[in-house]
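Common to both upcoming complexes is subunit A, partnered first by subunit B, then by subunit C.
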Partner chain A sequence: MTILEFVEGPGFYVSGTIFALAALWRLAGIIRLGKKKDIAPARGSAFTGFLKGNLRHFFPRGLFAQRTWMHLLGGYGFHLGLFALLLFAAPHIAFAEKLWGIELWPAMPRWAFIITAEVAFAGLIVLWVRRFSDPVMRLISDWDDHIGSWLTFLVMLTGCLALQESHDALRALHMGFVDIWLIYFPFSRLMHSFTFFLSRGATGASYGRKGMTP
Partner chain B sequence: MTEVSQTAVDILLKQTDVDIASYLEACVHCGECAEACHFYQASKDPKHTPTYKLQPLVKAYKRHKAPLRGVLSILGLTPPEVTEDELREWEPLVYDSCTMCGRCTLVCPMGIDIAGTIRKMREGYAAAGIVPEGLNVARANVERTSSPMGVTAKALLAQIKHQEKDTGLEIPVDVAGVDYLAIFSSHEIMASPEIIGAYARIMKRAGLTWTVSTEAYEATNVGVQIGSGPLAKQLVERVVNEAERLGVKYVIAPECGHAYGAIRWAGPNLVGRPFKFEVLHIVELLDKLRREGKIPPGTKDGRKMTLHDPCQLIRRGGVLKEPRRLLSDSATNFVEMKGAGIANLCCGGGGGVSANERAEELRLKAFEQKLKQIDDIGGVEAVVIPCANCRGVFEDGIDEYEADFEVISLSQLVADTMKDA
Partner chain C sequence: MQRFQNLFRATALMAAALLLTGLTWVTWADPTHAQSSVRPPGEALPLGATDGSPSNALGDRSDADVWRQIRGADGEGGALPSTSPGRKVPVYEDILRELQGPVARDNSSSATNTRLIQMLGDNWRQVRLDYILPYAGWVLAGVLGILVLFRLLRGKIKIREGRSGKYIPRFSMAHRIAHWYLASSFIIMGITGLIILLGRPLLAPYIGKEATAIMASASLQGHNLFGPVFILALLIVTFRFMKGNFFQWADFKWIIKGGGLLGGHASSNHYNFGEKTWYWIVVIVGLVMSATGLLLEFPWLTEQLIWHQMSTILHAAGAILLIAIAMGHAYIGSIGMEGSIDSMLRGEVDENWAKEHHDLWYEEVTGKKIDHKTGATLDAKAEAAE
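This part shows the complex of A and B:
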């Protein structure tokens, strides 16, 4: 078995399984903590608040946008770029089709891939540079923030190197980092990809009962 | 671990339910919350970043309660135990530099309720006895008189007598079977007792039956400010028991932001059962009476006025439109501040900060942000504030910065401008 066969085969299955089980374990562990029922008479709906809270925080408030524009651009650029690459990059679609044996959606053209990757890289670099250049972020950041940023960066970088799919070594390098990233993910702050809806929802529900959407 | 840190950590962990855990898990350390915090904006000290104030709780959670901590512990990746020194080091961040105003939640991409989490953290601190001296004094006063300023029933009755003389109206005391029980904050009773007279005029005009109680006159809940659930419960129970003994249909929460939240939103949960009466904020009641035509507007106040939104009433209380409707009816020149409403800046003295002398310098510095909001409007002659605590903080700030505007109560304004019968 070659290294490429390992990282795309057993390595990927093991890391994917760890990712799925540990992420579910972590989410279930949070949810099972439960909470006491709120018996104060409600002025509005907690359920509507949960949904509204989740949607509202996708959009920055105008009052703060001018101060936090760099974060907004970096954050949106990186996240949208990453998701576009993950879902629409031709090699990803081909890999998933082979894995699941079903036909998926059309891939983005090569020029779109390059632009998207540049936007995602720029966003990630802006966020990471702020992490050590901004006094607030420097104080509150820990090793997990830096490792998460670096691993994601390396996954993206090696993904671009492997774009031609002409060198097995480069493709193996990319898949190797993907496997490591998948294992690291559920134990790290990268889990915010899933926990954000609980957090926004909790606040939204609490405020929704009071008839507000923060 | 010392006994103090063990007690604090035990309570911190007990307070960590699914909501708090979600907040601690979702924070991505982006630091956006600093941009919304008046204390950070005033000091520019990164330590005043709201999420940083949660560190002891984050550490305790990761070490003792977070899912997958077992695996991380084997790898040596869980944080060390929270120490007493660390808890004490964080105490000024938890009590002096957070008014639990909740503005940081607005800017947080994860929607984290840092204010609510600080409230839970204070439970651990209060249980361990790590509390600022000013709040301990307030607590001692409450245990002696039920009032954080030590206002006794005798002092209340003296103020009521003065108001009866000033208004020519009888102010009912300890009367059973009426519809409304009015409770006040110490600040109102001692610093602006004319509000009691204003209530009397409004109730008379609206034809409502009401009473003040010598058993339950104090609305301020120091337990909520310190973070002591048992004390908060005791203070809410005092009002609940008296309201139910008198058989009132409504308890009117006064112009005091956190007092409203303490009885309206936290109250039933603290007591552990629904009340046999409804809680209305005085502003909600006035708005209801106005819309029912029971207190029609009369001659409006012509001064240029703006409205300060008390955080616990507006952002965290849900009473957003009512004060605006009342003010529009009562003033000819009402102008909103930039960011008015849900995003308005805190005065800097909520959440017990105004009772904490150690925090005075930082509080006054934070008030400059508020002052700027008002100055930006230009030519404001009066700021209407439906919170007695905020009014006190404003009065301190006006003295400190020699500002030239008046602060007035919304209820007082409504009483002064309503049409005579």
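This part shows the complex of A and C:
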């Protein structure tokens, strides 16, 4: 078995399973924590607050937007770019179709891939630079944040380095980092991909029940 | 129709090959040549070319002319004269006619429809092999050596009065993000570019051709991908850092004093002469790198071969220049000088560092006066005297 066959075969299955089970376990753990019962009479809908809390935080308030426009651009650029690459890159779709044996959606053209990758990389670099340049961000960041950023960067970078699809070694390198990333993901702050809606929703629900706009 | 054209081209190529084979055979079968290669007559005059061209290919006719015409007449890739006066040499024209065929060739940059050997390409290859590749490695190794020597002789440059513990803001968050954004993309571009440029002569002997090919393929993809990111970062830095980077009178005095390296105190504003020069080199050379890089990534932008060749040479030379200076910049901005990294990490610098290295700027932002010979605060001296 070659390294490529391993990282795309058993390695990928094991890391994917760890990713799925551990992420579910953490989500279930957070939900099971529950919430202390609020004995005050409700002045609004907690559920509406949950939804509002999630949706409204996609758009920053005016003053914050002015002060953090670079962070805002970087954040949206990176996350949207990453999802677009993950879901619409031709090699990813081909890999998933081969893995599951079903036909998926059409891939984005190569020029769109390049532009999306540019945006995603630009955003990730801005976010990482802000993490160690901003005094507050530097204070609240630890190794977990940096490892998560670097692993994501390396996954993206090795993917792009293998874009020519002419060497198995480059593909194996990319898939190797994907496997590591999948294993690290559920035990790190990368889990914010799944938990952000819970935290935003909890705050929103609390505000909504009190009749306040989250 | 296409099949006939292909057939004709194949026939033409075969004819050309036969002609060249015949030419070679004539050269070696020529008794004059055979005799001269065994034992030259004692009083014989040197015949044929003295510039390294094969000799006496056409007997009493000058074969050097044939080779000159094949290589592009004037040796510079210029237009080929149909014949030399008094020395009509049909060989080249015959071969060319056979190669060109009945269909007009497209005028792409690599088309050689007017000559057999593209001398422009040969000259470019020579420049690349003889100058760019060897000097690139030596320049970078030399700069690294100078930095090591500087470190050994001078050591880490300390803040003369030590850290005061008081900090004054120097760079905003936007400045720092712009700087590190450019720095990170520059590092990626630099590493991948050096692998592309020097991988074959420097890496292949040690890690093998296959591994070098893999690294080169990966580097090319990475280089092309991060190129636009670098351009974007360069434009942001250009505008964000422009204020304060125009040369002033204090910079002249700074040069006279060797930036303080020759002893004494060299006053400077927000940026000293070295930093300003570095800024303009980054801007100007960076823009040249961007333009030439775009031309290399999108070669269809021009059909002129000379632009592509100039682009590769300018791109490589500019890259070596930027990387060489960036090494010095990175050293003095981090481990080489106490307190300098704070400006780009924290956005603020120690007051004593500011007084020592950017006293005019310190006076401007704090309103305090400084003794420009020593860098000490005059108010503090007055207080001490009282």
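Just so we're on the same page, the second predicted complex is superposed on the first by the 214 of 214 C-alpha atoms of A that agree within 3 Å, B and C clash if a C-alpha of one lies under 4 Å from a C-alpha of the other, contacts with A are read in each partner's own complex, and residues count from 1 in each chain.
Simple rule for what comes next: contacts are C-beta pairs under 8 Å (C-beta built on N, C-alpha and C of every residue); 3 or more make two chains touch, one makes a residue touch a chain.
In this text, all values refer to a predicted model and were calculated from it rather than measured experimentally.
Student: Since both structures carry subunit A, what do subunit B and subunit C do when superposed there: clash or fit?
Tutor: fit
Student: With both complexes overlaid on chain A, does A:His92 touch subunit B (first), subunit C (second), both or neither?
Tutor: neither
Student: Given Cα centres, how many degrees, to the nearest 10, is the angle at subunit A formed with subunit B and subunit C?
Tutor: About 120 degrees, rounded to the nearest 10.
Student: Based on the superposed arrangement, let me know which partner A:Ala169 touches: subunit B (first), subunit C (second), both, or neither?
Tutor: Only subunit C is touched by A:Ala169; subunit B is not.
Student: Once the two complexes are aligned on chain A, which partner has more residues of subunit A within touching range, subunit B or subunit C?
Tutor: B
Student: Output check: A:Met70 vs subunit B and subunit C. Expected answer is one of first, second, both, neither. What do you get?
Tutor: Once the two structures are laid over each other on A, A:Met70 reaches subunit C alone.
Student: If we overlay the two complexes on their shared chain A, which of subunit B and subunit C does A:Ser133 touch? Say first, second, both or neither.
Tutor: Only subunit C; A:Ser133 stays clear of subunit B.
Student: Just to be sure I read the superposition right, which of the two partners does A:Lys36 touch: subunit B = first, subunit C = second, or both, or neither?
Tutor: first
Student: Between subunit B and subunit C, what minimal C-alpha to C-alpha distance in angstrom results from the superposition?
Tutor: Between subunit B and subunit C, the minimum C-alpha distance equals 11 Å.
Student: Take the contacts of subunit A with subunit B and those with subunit C, and give the residues found in both.
Tutor: Residues common to the subunit A contacts of subunit C and of subunit B are 134-135, listed in rising order.
Student: Spell out the part of subunit B that touches subunit A in their complex, as residue ranges.
Tutor: On the subunit B side, the touching residues are 16-19, 21-23, 25-32, 34-36, 40, 46-47, 49, 51-52, 65-68, 71-72, 77, 102, 105-113, 116, 264-269, 272-274, 278, 315-318, 320, 338-339, 342-343.
Student: Taking the touch rule as given, give the residues of subunit A at its contact with subunit B in the complex, in rising order.
Tutor: Residues 22, 25-36, 38-41, 43-44, 53-54, 56-57, 60-61, 63-64, 67-68, 71, 75, 131, 134-142, 145, 186-187, 189, 191-192, 195-196, 198-204, 206-207, 210-212, 214 of subunit A touch subunit B in their complex.
Student: Provide the residue numbers of subunit C that touch subunit A in the complex, in ascending order.
Tutor: Touch residues, subunit C against subunit A: 173-174, 176-177, 180-181, 184-185, 213-214, 217-222, 225-226, 228-229, 232, 344-347.
Student: Over in the complex, which subunit A residues touch subunit C? Could you list them?
Tutor: Touch list, subunit A to subunit C: 70, 114, 117-118, 121-122, 125-126, 128-130, 132-135, 157, 160-164, 166-167, 169-170.
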